[in-house]
Amino acid sequence: MGEAAPISSSAIRLDADALNAFMAEAFPHSAPGSRGAVVSAVPGHIQARMEPTELALRPGGLISGPTQMGFADMAAYALVLAHIGPVAMAVTSALNYQFLRPCRPGPLFADAHMLRLGKRLAVMDVRIWTDDPNKPVGQANVTYAIP
Amino acid sequence: MGEAAPISSSAIRLDADALNAFMAEAFPHSAPGSRGAVVSAVPGHIQARMEPTELALRPGGLISGPTQMGFADMAAYALVLAHIGPVAMAVTSALNYQFLRPCRPGPLFADAHMLRLGKRLAVMDVRIWTDDPNKPVGQANVTYAIP
Amino acid sequence: MGEAAPISSSAIRLDADALNAFMAEAFPHSAPGSRGAVVSAVPGHIQARMEPTELALRPGGLISGPTQMGFADMAAYALVLAHIGPVAMAVTSALNYQFLRPCRPGPLFADAHMLRLGKRLAVMDVRIWTDDPNKPVGQANVTYAIP
Amino acid sequence: MGEAAPISSSAIRLDADALNAFMAEAFPHSAPGSRGAVVSAVPGHIQARMEPTELALRPGGLISGPTQMGFADMAAYALVLAHIGPVAMAVTSALNYQFLRPCRPGPLFADAHMLRLGKRLAVMDVRIWTDDPNKPVGQANVTYAIP
């Protein structure tokens, strides 16, 4: 809200490799599998992929909600960092998650798009999907506060 | 979110004209301008347009939040009706609205996309914009309960 | 959510009368009835009341969703102003509304509570009810950006 | 939101011990610590407690967002089950989380209150806190679909 964004979203400051290296250092206690990895990063969009372990399952053999939400949060964090650079203390301000379809085990993908990158807040749309990007298992709206 | 959707989103039951006629009858007390009108309806997507009056302004001369949220709700309602037919009692179950940019006076557009159409719930993404669809003034996630 | 809040929520800067006077000036085009009025304001909480007109009805004779959301937004705005003073340009950053029960015609009440008042963002819980505060017709989570 | 709730929230069907036993069986892969435990369950309200491990930390030494959201989801699930009985397939339909304050390491508490228990949907308010329930670190609005 407020004034025009001073930070351009027309270029990225960290590419996929740099984002993965940064997050491996920022979250030393998490296994890469549980966190997922950025696959591509372009202005306004990143895609990430994760392979949930059996720890991520809920009754019915589906991928649990917190696993999906954590992955959406990671994708949003990566999208913010791709644009503002390696600022570990960017923090989630709000995350709204809609569960859309049963999430069957297997690789999970996240497409995160920037809706607005302001001076103080970044608002993003994140879609989580398994085999068909047009049938997302979940959709998130994520707001990050920029320090 | 339960079982697969039995209602196909591959065809629409009401086109733009039929939607506008239905809503004029359903909301006899509202002026068409304040409610907006459906411009196009295809499977999975409708676009609507409204011309806010001066009643819709807030301090600073911007279009008020409730005006934007009401328009997003109308667009979502139209998208549901386009797919399930003229069921007046479909009701909003939740509406999450993110205000992204100042909304300057002038025609407002809404693009509503179906994220999932189930037997009991329809979940939609709605973007509100003025002059540039890639710079939305707001984004809504709207859930309708289907009777 | 960043640093500790410098703005105390242990005292209010505008009472109910001052809030109503401020909003009457800020929204000269809206009738007081359509906007509602602040009934009480204490640290961390305001209560508001409105009498919806027939313009606020939706099919089924219920109070429309946008009317409820607009009232929740007004209550949140009043709660922010009560704490930070008459700053017209505080703007809604996000509003999440859950529709809980059919909203029958008659006076509407809003109880808005401050969840956190920070330097840049205020996050509030708002309950909308008609005859029983323990059976709200809707619940909102509203975030305001503070200029 | 449809018709009046047929399920009474004036009595609970599972108490704290029964809820913990049920969840230990439903989530055999999760350690109790990572999942938290129900401390008390009364009509309309449950309280839960968890002790985050170092796996739950994010940069800055704070409890990560996904840990908080997962705990809020668990508390909401327990509140639903307390009222409808041991129905493992109740699933989260939406979870909106507001991050309010930095979440420092140490025991986490969740207070989950029922906003509405309907036939098909349960909507709950969840507050997550550490040392002061009046200064929550996060607030969630959680919707469960009831099979």
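A few remarks follow.
Order as written gives the chain letters A, B, C and D; numbering starts at 1 within each chain.
By our rule, contacts are C-beta pairs under 8 Å (C-beta built on N, C-alpha and C of every residue); 3 or more make two chains touch, one makes a residue touch a chain.
Remember, predicted model here, so these are calculated numbers, not experimental data.
Superposition on CA atoms relates chain B and chain C by a rotation of 180 degrees, given as a multiple of 5.
Among the other chains, the CA centroid farthest from that of chain B is the one of D. Each of A-D and A-B has its own count of C-beta contacts, and the greater count is at A-D.
Each chain gets one centre point, the mean of its Cα atoms, and the points for chain A and chain D are 23 Å apart. Distance from the chain A centre to the chain C centre is 32 Å, each centre being the mean of its Cα atoms. Distance between chain A and chain B, defined via averaged C-alpha coordinates, is recorded as 27 Å.
Counting partner chains per residue, chain A shows two or more touched chains at residues 1-2, 91, 93-94, 96, 98-99, 143. Interface of chain B with chain C (complex): residues 26-27, 29-30, 54-55, 57-60, 64-66, 69-70, 73, 88-89, 91-99. Note for the complex: chain B touches chain D at residues 1-2, 91, 93-94, 96, 120-121, 143, 145, 147. The touching residues of chain D, counted against chain C in their complex, run 1, 96, 98-102, 115-116, 123, 125, 135-136, 139, 141, 143.
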